[in-house]
Each structure stands twice: as C-alpha cells, then as structure tokens.
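What follows is a structure written as structure tokens; I'll ask about it next.
Chains: A, B, C and D, in written order; residue numbering restarts at 1 for each.
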Amino acid sequence: MVTPLDRKRKIDYQGTARLVEHVIKGGVHAIFVLGTTGESQSLSIDDRKQFVSFVGNAIAGRVPYLVCVTDTSIEDACCLALRARESGACAVVAAPPYYFSPSQKDMVNWYVNLADHSPLPLFLYNMPGNVKVSIAPSTVRILSSHPNIWGIKDSSADMSYFQAVKYLTGDVDNFSMYVGPEELTGECVLMGADGGVNGGANMFPELYVKMYEVASRGDIPEVRRLQNSIMKISTSIYTVGNCPSSYLQGLKCALELMGLCEGGLALPYVSVSDDGRERIRTALQSINQSEWK
Amino acid sequence: MVTPLDRKRKIDYQGTARLVEHVIKGGVHAIFVLGTTGESQSLSIDDRKQFVSFVGNAIAGRVPYLVCVTDTSIEDACCLALRARESGACAVVAAPPYYFSPSQKDMVNWYVNLADHSPLPLFLYNMPGNVKVSIAPSTVRILSSHPNIWGIKDSSADMSYFQAVKYLTGDVDNFSMYVGPEELTGECVLMGADGGVNGGANMFPELYVKMYEVASRGDIPEVRRLQNSIMKISTSIYTVGNCPSSYLQGLKCALELMGLCEGGLALPYVSVSDDGRERIRTALQSINQSEWK
Amino acid sequence: MVTPLDRKRKIDYQGTARLVEHVIKGGVHAIFVLGTTGESQSLSIDDRKQFVSFVGNAIAGRVPYLVCVTDTSIEDACCLALRARESGACAVVAAPPYYFSPSQKDMVNWYVNLADHSPLPLFLYNMPGNVKVSIAPSTVRILSSHPNIWGIKDSSADMSYFQAVKYLTGDVDNFSMYVGPEELTGECVLMGADGGVNGGANMFPELYVKMYEVASRGDIPEVRRLQNSIMKISTSIYTVGNCPSSYLQGLKCALELMGLCEGGLALPYVSVSDDGRERIRTALQSINQSEWK
Amino acid sequence: MVTPLDRKRKIDYQGTARLVEHVIKGGVHAIFVLGTTGESQSLSIDDRKQFVSFVGNAIAGRVPYLVCVTDTSIEDACCLALRARESGACAVVAAPPYYFSPSQKDMVNWYVNLADHSPLPLFLYNMPGNVKVSIAPSTVRILSSHPNIWGIKDSSADMSYFQAVKYLTGDVDNFSMYVGPEELTGECVLMGADGGVNGGANMFPELYVKMYEVASRGDIPEVRRLQNSIMKISTSIYTVGNCPSSYLQGLKCALELMGLCEGGLALPYVSVSDDGRERIRTALQSINQSEWK
C-alpha cells in the first residue's frame, strides 16, 4: 500500500481509510505498508508509527497485516516492530541497511539481531535497486533456519536469484516466497511462489488477486491474458515521468484521479507535472477494467 | 555452445566436433556459438572466423545455426556475419558495443547500421551484466520494425525487462524472444517466450530440450520437477570457484570430466584449481540424468 | 569524529569526552560529528540527538562545531538541525537522501527545502559511494546561490568532480569546499580547497592539521613527506578487514588500542576479529608519530 | 591523440598527419594513440594496425611514441604490440579485458601473459569507467615487479586510488605514474606523478605542456591559473551533448572547427547535432589562448 500524502506532504488519513476499504473490498489476502512504494524512508519515525497504528485500526483484523520496518538503525526498526505488534500486525518485513554496503557476514549479523529482537515474525526483503546489495541466496539459506524468520519478499526482478533462493530453501518448512514486481507475480506463482506484493493493487486489487488465483490453479491462457493487462498498466501509467520516481508519480497520481486519496509525493521527489498528470489521466482511461472484473 | 580450448588455450577442434554431435543427438533445435559462454571476446578475430566455419561444417545443415558476432568494431562484426553466412548460419546475434556505454540513441544508431549491413537476419542480445547498459524496451520496440531484425535474446535475468519487451513487441510479426539464463527457460516459455539459449545444454541437452517441451505444452508439474534438476546443476557445478568465472570454470571442467572436450579457459580467466575440479566431479556425480532421460 | 561505542553498541560517553579533548589538543580547527565515519545512519534518532548535545557541551565553544544531519526523512533531518543549533553548532551538513535514487531535479527540491527550514547554515555532502548518486556540479552551482547553503564536503575522491565544482562555484562568495578522504587533503588544499574533514584525525589530529598548514603555505616537499605518513596509515590500519567496514574497523580498533575510547561498531558491521586486532596493533606500532610531531 | 575520422567513419589520414605536426609543434613530450579518446575499440583490428604504422611514420622518431593495445583477445593485443614495435613505438599500454569482469587474480594472469609476450615494455591502464573493474592497488604492486611492466596510466579520476598506487609502488625502481583526466594533471604532478595523458592536448598542446612544467617546478599560483583555463575547456566544450559521448563529440568537433582534421565519430556514437556544433563553436571562441601562450 502507498502512504497517501497531501500536497503539503502530510499524511492523508481520510484517503488512507478509503484506500484500506478499497483494497479489502478488492479481495486482497493481506495488507503490507511502509515498503518502498509506501515511501517509508521518506517519512519521520513518528509519522511511520502513527501510520502503522492508524492502518491497523482501519483493517481491524479483517485481513492479515504486515508492516515494513526497514531502517538503518536497528533500534528504530525494533521500535517500529513493537508498534506493528501493538497495531495488530502479524509480521514485519525488513530490507538490509542501505547506507553502508554490508557484506554477507554483516547481513547475517543484522538479520539475526533483528529477528532475535523483533516481537513479530520477520520476512526478509531483497531490494538491491535501493539497498545496492542483494541478500545472497546462500545467506537466505542460513537465515531461513532462524525460527523467527518466515520468508522473503524479493523485489530484485532477477529470476535467477529468485529461483536460486527457492531451490536452496525448498526443504525449509514454512519458508514463504513473495515477489515484489507485479509484472512477475504470474510466472512466479506458476513456478511455485506464494504470492505477490504488488503496488498496482492499490489501484486495481481485483486484477492482481485474480492473477494470483489463475496462476495458482495453473490456468496458463488466463495468466497470459491478465499479464497483458498488467503490462499495459506498467508500460503506461508508470512510465510518464521518465525519471527515478516515474512509478510512484504515476501510481499516486492515478490514485488521486480515481478519487481514492490525495496524490502528493514525499521529498525528495518532485510532484508530477501538469502535462504528466494529463498523460496519466489518458493512460488511466485506456485501462479497461472489464478485462478482469 | 562453449568454445572448447585445450590447456594452451588453443581451440580443441576434435572436442568441438564431439560436442556438436553430443548436442544434436540430445535433440537441440539449433546451435548458437560465440556468445558469452563461447568466450567470443577472448578469442582473436581470426580464431573466431575459423571456429565459425568449422562448426558450420560439423553441423552440416542438420539444425539451424546461429552465430554471435558481438564486437565493439562494426566492421569486425560485419566481417564475422559474412563468415557466418558462408558457413551455413541462418542468423547472427549481437550485443551492443561494450567498451563505451552507449546511450539509447547510440544503440539505435549501432543496430540499424549493423542490420543494414548484415548479410543475415539479426537478433538483438541484451546482456547488461557484461555490456553495462540494457537495450531499453522502447529501443527494442523501435528496432523490431527493422526488416532484418528478427528477435532478441535476453540474458539480463530481469523478468520485468523481459515482460516489458514482450508486451511492447507483441504486435510485431515474427519478432522472437529467447532467454539466456537456463534457470528461466521454464517460466519464460510458460509465459509465451520462444525458447532458451542455455549453457547447460552443452552437458545435458536433453534436460533443456525437455524443459522447453513440457513448458510449451503447459505441463506445470513437469516444469517444476525439471526446474529442480536445473537448479541443482546451477547451484552446484556453476558455483565452485566463487569468482566471476565460476560458471564457465564449472561448465567447461564438467565437459572435460564427461569426456566431451578439453576444459581450458581463455584469458583472462584462470583455470579451475585441483580442489575445485574434485568438487565439480563430486557435483557432477550427484546429478541423476534419469530425472529427465 | 567517530561515535565511540562499547561492545554492546551503546554510546561510550566517557570515551567521547576523551576524544573531544584529544582532537582539540591536537589543534583541529573544527569538530564534525555524525558523518559516515560517525556511523550516524546506524544510530537511532534519539541517540543521535543525545550525542549532538553531549559533544556540544564537551566542546563548549572552543572550536566551531558542525553536525551532519543526513537522513532520508526531511523532518528528522530538520529535527536534528534544531538540536544542533541548541547544542552550539555553527552549521549542519547533509548528504542527499540515500534510499531512493533522486534525480538532479529531486536533489534541488530536497536541498532547497532543507536549507529553507534549517535553523543553521547548510553544507552539501557529496557521498556517491553510499548515496549511489552524485550531486552534479551543475546542481551544486544552482544550490550555491541559496543564502543558507555555505559550501560542500566532497567525499567522492573523484577529483574531476571536485575540480568541476570548484570551477563552477569559483565566483560565488563564501562558498567553501572541503574534502573527505584524508588521502586528498594535501593536493586539494594546494589547489585551493578550504580544508579536509578527515577520519584519521581521530587518531592523529596533529598530522592532518599539519598537512593542512603546509599545503596552505605551498610547502610541496613537506606536503609530499606528510602524504607518505598519511598513506602509511591508510594502506595499513584501514585495510586489515578486507571488507566494506575495514576502514571503520581499523580506525575504531586503533582508537581503542590507543586508550581513547571503546572500539565497538554499530550494526550491521561485525567487530574486528582477534587476528585483525593484532594486525592493527602491529600496524599502529609501526606508525612513527615523530614524523609530524 | 584522437583518431581523426571523416563523415563516413573512415580514418582521415591527412588530418592525422596535420594533428601529429600540431601536437609536436605544441611541445608534447610523447604521443599516445588508440586509447579511449582514440576510439580504439570501435576500429577494426586492421584499421588499428594501419593507423599505428601511419602515425609512427609521421612522428619519425621526433618524440617517444606509445600505442594502446587494449583488447579482450590477448592474441590481437600482442599482434598490435608487434605492429607498434615495427612502427617505432617505445612502449605499449593496455587496460584489462573489458567484457568479462575479471577478478584481481584473473588480472594478474592477464597482465603477466601480456607482459611476457609483448615485444615492448608495457604500461598498465586503469580505466574502471569503461572496464567496470579497477586494477586494485595491491595488484599493481604485484605487477610492478615484472621487468616488462614500466608504469601505469590511471584514468579513474579517483585520487585515493592514485595515491594508494603511488605509495605502494614508491620503492619500485622506474615505475612511472601518469594520469588520464586533464583536470588532474596539475595536482598529480605537484604530488609527484610523472605526467598527464590528456585529450585536450589535441587542441591546445601548449596549455597541457605548460601545466606539466609549472607543476613540475612547484609554481602553485601558475598551476591554479592554468587550472582555470583547463576547467573552462572541460566544462564547456566537453559538456554540450549531455550524453556519454559528449566529451568525444566536443573534442572532435572542436578539432574540425580548428581546421586540424575531420570530426567524425566511430559507431556507436552519433555525431554532434547542428545546434551542438554551434554551441561548441561559441565555447571555442570564448577560449583565450593568450592565457597560456
């Protein structure tokens, strides 16, 4: 889930409440907040805590709730994990620290400490695009034996990586694998992954839920058909800005145009231009929801 | 196909002939030489030409023959393409120039020139790991309209990229998509790709051919079962060296241990250590070919 | 200045006080805390605030005090800047946000906001090794016209970058340039830079102060002689670990061996091994302080 | 030296002859061809050989002649080295192979082989921007003991690297250090380096020769004054294109505008636009050669 922000970059709590209803109504199996799409790193620790509580209340136990606690300070990460538990979350998710480039040995050190101190089960979050380094498959293998580490969300889009992790943890009980990029949910689930954590589900939850379902039952023609819809979104709405924030600009602008929440971006990102806004509007209008509804 | 080399780093032509028979007997649908696995860049232009002719003769038209002509000099690339045609190849394949980092505009410039001058149809070859830059999906889209550009081999392992290229070229007639990393052939074919160009097929051609076949007919349980065999190879034989050349060291050493060809590596790569050789032997022995034969 | 930590990774305030005295006695012209060497990102916001206050009290106005407020949340960065002012600091320093990769336009957006809201003058901090992107010279030029932006600390070690920034801001009044890597202070000051912000000064403040002085007066033989001492430290104490944290491991271990403060490292970094500790001890013993004292 | 090309990307030999006279008249201490600025990788092996011979004849022993033989095939590199000796060159220069990313062990393997087989003394060429990996300072130390390896040209612009190499090879007899980026010649020579290999000397050889001379005798005010002229060129002529080839586009276009040679670029690079050409003309006109003549 995104973190709705107004034009002054304050959290839009009314929009947040609407968005929670929207995705639950759309059938999502769980809600995940404060990931990369949630612009977590751009929010103050205090805002993050408040947002975690608010969303927990809004969900009110209707679906499982996962909170991303990625931080470069393990104390602040643990502090967020505590707030997550108090807010009804069932698990936390964390990418490696992202300022220093940790070695694999450092990463084991980090995650064992975090898992030992987290009051909730922990999912690893592989995000080399922002963190600069991957959690090596052999490191995931080591960490998967920790009783409080339950799985991984991989946002690398590198399927050689994904397959290696899947193979190396194949004999570990209850170690789950989720994929970040929505363009890959179909094929990952076909290959045996447990699901997707997809930003596009903020807009069209039914589409991504349906992709999961058809892939789960091995319906390849339907997977390919829905893949087309997903790619149409991915190659239009997310590419308008032609800059590092194009995906977020497109997604949040579309949510605003759909009347779900305000579309502000946290610093450092500049808002979408007026021209960009119109192009996103056009892209949005060309999306035909009857393809999956 | 690898380029078999002896301990003095000269081409092992006897081994080359054996390898050609081995993979044709194993059922491959085509033979591709002088790619990254073929250590093309490490061979002299003259050796490359001679090898192209030799393999063409050895194949003798039994399967389609594709030659990689990647080079930083367009003249030398064209010169290799000419030799490829003379040797019975049906197409050439080329990655972008890899010393300078070209802009997307430069890449269009490059590929249009190459396709205009190539006496054979051209396949793009996306290889950001070695080239440093990707051929952007929108650039592939532009190039796909050139009548002499027939498809792409993508070795990025980035499936967001692959899916974007596939979507953007979906309406182009006769534009084919092949995937490099063997760990991905299964899922790519499930999603509609045309096949894999997989290094492991030097050792076990039947395995990769079978993966293509079961994925083509949508047999998901079989895809997942064979994926396991592929990952076993990938996470054992290819990882012994723990260095950039581990994959090539493992593959070529295994081919030597299987009696197919000598296992030398071209400079700059150092040969596998004695200890590494024994570990590869052990890994090889643990592979159970009855899983796919 | 490093942030002294004990073996349980708590701030060693007694060591901090000793270190402040040590560097002031060594003649430093200012004290800079919570930079990369200060492991700022690994500390909680609350620990950072407390440390800022403590050091401000310890300095007690004897030398100018600069606080690094680098953070991915502009609110937390401003909050630290406020604490810096309350603690007697004369300026703050900030690298760009380091999780998302900002465009140059995003960076202008970020720094203008930060400079507008900072209660103290702001120095830019170019640190592409950890941030992943550079503040482009043309961006520095734009930002240098902001009345609350007073200069830049460049830790890129890329002297083409440094010279470009220096040239492009040459006509801006009161825009200062400092260099991070201690290996470069000599040549940068010879070329007209305003000084160095050097981690080695935690151990041997007199050496780096003297380098600044001899370079300021253009004494090339002395610059070259002291450069030798600096390189001896840099290529011995800082390289023992052979991992991303080698520099910090070496520096903090040396400070502990010198009796200045405890030598713990914040997570994710693992502490120096026993063997590494002995090698650092040996390296330290081979340093001859009479070369500069 | 650049490799002059006409609009059809053929070598402009008349321009080459004029350029050789121009730089010799300008006082250069040696001529270096087929480096990165010489677009060597974009030329065919045959064109490179012919160019090496032509320039050797044109120089006719008036100044030392160095030929860059960087190639991914050691045989083709040796073949160029042979031609270099036959053409009167006194040494060859080579970057590491740049398609595969070699490990440091691979690099030692490569350079020892190349130095063993080269008929001329070899200089290492560190060029991480194009090669992707650096020759580690400890690797340079190892290689510096080879009797046929005489020094290094460093084009990293990373002065921490440069200082480390300089310190670690300080006790090796006759191991020379040259710097690539012209923005750094002044400070490197002040710090004890042996000279610069600067692209700008194609246009204004006297400027870079003079910078070497004033830095050699430690005339800091003159170094700073000439640095200003060098930076004016670097931040104007080289930055017009705003793309990876801007430096080459600017340099070659300026040479054409100065009447020295034709200004074509080898593939993959697109030529400068008409607008860019006018902006380079303006930049060129604003350069005041009386600053150094």
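The criterion applied here is as follows: contacts are C-beta pairs under 8 Å (C-beta built on N, C-alpha and C of every residue); 3 or more make two chains touch, one makes a residue touch a chain.
Predicted model, so just to flag it, every value in this text is computed and none were measured.
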Check your understanding: Any chains in contact with both chain B and chain D?
Key -> none
Practice item. Name the chain whose C-alpha centroid is most distant from the C-alpha centroid of chain D. Key: A
Check your understanding: Just going by residue numbers, which of A-B, A-C or C-D has an interface where over half the contact pairs are the same as at B-D?
Key -> A-C
Revision key, fill the gap. Field rot_deg for pair chain C/chain D, CA superposition, rounded to the nearest 5 degrees, holds 180
Revision key, fill the gap. Expressed in whole Å, how far the mean CA point of chain A lies from that of chain C is 35
Check your understanding: Roughly how far is chain B from chain C, going centre to centre by Cα mean, in whole Å?
Key -> 47
Review point. Of all residues in chain A, which are in touch with two or more distinct other chains?
Key: none
Revision key, fill the gap. Contacting chain pairs, sorted by label, are A-B, A-C, B-D, C-D
Check your understanding: Which chain C residues qualify as touching chain D in the complex?
Key -> 137, 157-161, 163-164, 166-168, 170, 181, 183-184, 186-188, 190-192, 218, 220, 223-224, 227-228, 231-232, 234-235
Practice item. Using the touch definition up top, name the residues of chain B that touch chain D in the complex. Key: 36, 41-47, 72-76, 79, 96-103, 105-107, 109-110, 113, 130, 132, 243-245, 267-270
